[in-house]
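Next come two complexes built around chain A: one with chain B, the other with chain C.
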Partner chain A sequence: MFKLFVDIWQGIVSIFKGFVVTGRSMFRKPVTIQYPLQKAAMTQRFRGMADLRVEKCISCLQCVRICPTAALDLTSVTNPETKKKALESFCFNAELCCFCGLCQDVCPTKAIFLNALYEVAYYKRSDVTAIDLMAPDKYAHVGVLAAGKGKP
Partner chain B sequence: MTPFLMEMAWLVLKGVMALTFIAVSAMFLIWLERKVSARIQNRVGPMITGFHGALQSVADTVKLLLKENIVPTGADFWVWWLAPFFVAVPAIMVFVCMPFGPSAIVCDLNVGILFMCSVTSVSVLGIFMAGWGSSNKYSLLGGMRSAAQIISYEVPLLLSILVVVMEAGTLSMQGIVHAQEAGWFFLKPNLLVAFIIYIISATAEVNRVPFDIPEAESELVAGYHTEYSGMKFAMFFVAEYTNFFIIAGIAATLFLGGWLGPLAPSPVWFLLKAYGIIFFLMWVRWTLPRLRMDQMMSFAWKGLTPVALLNVLVTGWLLVIKG
Partner chain C sequence: MKTTMVTEELIVNMGPQHPSTHGVLYLELKLNGEIITDCRPHIGYLHRSIEKIAENRSLVQFVPFTDRLDYLASMNDNLGFCLAAEKLLQLEAPARAQYLRVIVAELNRIASHLLAISTFAQDLGAYATPLFFAMRDRQKVVQIFDELCGQRLTYNYIRIGGVAGDLTPDIARTINEFVLYFRKMINDYDDLLTHNIIFKVRSKGIGIISKEFALDYAVTGPSLRASGVKWDVRKDEPYLVYDKFDFDVPVGANGDAWDRYSVRIQEMRESLRIIEQAMGAIPEGDPVAKVNKVFRPSGEVYMRTESPRGDLGFYIVGTGDVFPYRLKIRTPSFSNIAALPALIKGLNVSDAVCALGSLDIVMGEIDR
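Right after this comes the complex of A and B.
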């Protein structure tokens, strides 16, 4: 009989503990943000779309060789006098990319890197499968170093 | 204009005001529920429509108005079709004797609280009709659970109201409010017990957490209103939140002194008390887990009903001693 009353009392106390917990969280700052209006900052090591600093690329083809899914394709022309290679086209296939980040690790001049953009849905298939990294102005998800596209 | 017509026009006007209040109150409560739940879970709730999502319920209503009304195959059509009215009409009828102020009442019946209790009991019929007519196992289970639950919790609910009636010596809602001019009823120990019993069993009456077994969404989809869509669903929803306001309003009137209060006008006091109880019950909803069916039934019959009966007995003794 005594145990019954102890049980009842403990039950009441536990209910009020629950109220204290929920009541306290009513005055806490919300953890959510208004997504389409506000966007959370991505971390430093976030691996988004491949992006290129065109002027730094020396066409060494290391990124093309290391890419496990062959998502990168670049062509270059050699200048017959200086023997230096000049980039002719740099094509990135985001559909094949597995976002492993090996290309940015292997790049000796830090020309290729993965940016912090994540809203990369497009209406045209070619905007995903054949991204011309030489002309970043055509896309919203590459060329983050250009003006008005946010930080890399 | 003849006096009779004047009186009729005045009654119609009061009825229209009550109906407007019901609609606005239900919409406000839906918004409040979403906001309170969001804050308790550290979210922000609806923010896009209007100031802090104030027009969210309007947007929801427009959406529900435009939706198709789907009749399930194999439904018992007339039972299915009539069920929302059986739930919504009693909820609206109760506002006939809801005292918002000394004169702000549609009609002060001399059997006010009895009328309210008997009318709200009809809604269980509508809930069971909805469960039966939908020809869906979840709906049927929800409807049956709801019938069992509402009928069980009606007993302690009415016994706790009986204590108030004994103390006030009248069934009229205004009479009960006037009886509290000396002191609000919940300040007396036996009426405080009745108040607690009333709040618990009223929570069960309106199928809210922790007694939301009839519409337990994780086991029964939505219970009895699973198969309803469009405005029929909206009627269930409005009836649910109207019933929610009704139990808070009755609690405010019977135990917290109704519209009595200093300084502010009487309807303000009534709404303040009612919405205070509503806020508390929303807090309960987002804090406590759902009870099991057998736990809930044994709590009603083995816990609340004996205590409520004992309370009636003690109140009777006290009244006899006082003379």
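Right after this comes the complex of A and C.
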């Protein structure tokens, strides 16, 4: 009988302790942000959409070869005199990309990189599957540029 | 006077869309009244043929796919695969990378255990508070990973021969702060759950896994240690630099749901100890791996590591080609869930939810 009362007392104490923990969080600063109004700052190494510095690319195809999901596709023409390759088209399929970052790590000239865009939305599916990385304004009207990221 | 009323057996389909089955698990329960007389788990709803994909990807390319196995502890899957590949290729990562790997693996263990205990508590009716608390603290870990590698869930951070990015002084400070912060926070979880009488009474004696049963079914991880078997790959077959750290392997006594919960809480404390020691001893150097190497694996290798759910093994066979000939993944959740039917026979449905939640399964790992 005595044990029963001890149990009840301990039960009440344990539940009260839980209330104290919960109650304390009323006086803490909220950790959430008001999302659509407030945007979280992305980190320095954030991996968003693939982007290209066209003038730096030497058409070495390393990024195309390493991409695990075959999201990249490029064609180039070789100048017969100088034997230099020039980019003809560079196509990025954002639907296949898994944002692994291997392409930006493998690129010898840091031409391809994952930019700070997130929250990317398109109207047409065909726009997502064939993004022309050589066009300068390809991401002009989609997505939100992450505030905190220092990459150009 | 004892009367037994015989009722017709009823088959109830629990899942695949059920909040307490932790993913797309479908349990076919045979019920006699409230009592479960038989259970057949149906799996395969999340099958993405990752093992087959591995046969068409080079080793470097396959690392992002391991993120998608156990999506709550991707770092540990990255680690398991990279260690297996390195063993096959006879490579060794630089010392700084090895320490960094230990740090991120243990941080991820904390994040994963946080979700495990909080969703378990949610299954038992502690509806929002523990889950939100765990999410708040998990966010801190995820933020560290975000700064380290730029992603919050699918990291692709550990690469063959090193890691993807070095630790900066800022991130190191964040990790040290987190260790101090979280050491205090675990006490909150104790007050909220461990000492809570309802939680205790509800989970004690439910879903008992005996020592022999656990060994027969190859149950691993916290669920095995809760049954009193002191087996931890980090301790018994040390990989990386785990043998340099001082940590304990917590074990339970009865092997019930409560023990599995409390082993996880204690493991988070041990992980903090490991992180603290590793942060103190991390050597200088360049841990970043080059990804443009072409590996031609030949021979076969099996490597196991301790993921938050148990014994995670990768078996790679290479024939000198760029692509491995075969890759087999031994995932802990798969063998842990095999024990479920025997575990919940004779319980009622609400207790089955408790037993399932305490096993902490991840469907991505079971179906792979």
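In this text, the second predicted complex is superposed on the first by the 128 of 152 C-alpha atoms of A that agree within 3 Å, B and C clash if a C-alpha of one lies under 4 Å from a C-alpha of the other, contacts with A are read in each partner's own complex, and residues count from 1 in each chain.
Basically, a contact is a pair of C-beta atoms (placed from the backbone, for glycine too) under 8 Å apart; a residue touches a chain by one contact, two chains touch by 3 or more.
Note that the coordinates shown come from a computational prediction; the quantities given were computed from them, not determined experimentally.
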Chain C versus chain B on the shared chain A, clash or fit after superposition: fit
Which superposed partner A:95 touches (first chain B, second chain C, both, neither): neither
Which of chain B and chain C A:26 touches, first, second, both or neither: first
Which of chain B and chain C A:73 touches, first, second, both or neither: neither
Partner chain in contact with A:119 - chain B first, chain C second, else both or neither: neither
Which superposed partner A:10 touches (first chain B, second chain C, both, neither): second
Chain B, chain C and vertex chain A (Cα centres) - angle in steps of 10°: 70
Partner chain in contact with A:34 - chain B first, chain C second, else both or neither: first
Which superposed partner A:18 touches (first chain B, second chain C, both, neither): both
First, second, both or neither for A:44, with chain B first and chain C second: second
Dominant contact partner of chain A by residue count, chain C or chain B: C
Which of chain B and chain C A:62 touches, first, second, both or neither: second
Nearest Cα pair across chain B and chain C, whole Å: 6
Intersection of chain A interface sets (partners chain B, chain C): 15, 18, 21-22, 25, 31
Residue ranges of chain C in contact with chain A within the complex: 57, 60-65, 129, 133, 136, 139, 143, 146-151, 154, 156, 164-165, 188, 191-193, 195-198, 291-292
List of chain A residues in touch with chain B within their complex: 15, 18-19, 21-23, 25-26, 28-32, 34
Residues of chain A defined as touching chain C within the complex: 7, 10-11, 14-15, 17-18, 20-22, 25, 31, 42-47, 62, 66-68, 98-102, 105-106, 108, 114
Residue numbers on chain B that touch chain A, as the complex places them: 36, 38-44, 47, 283-284, 286-288
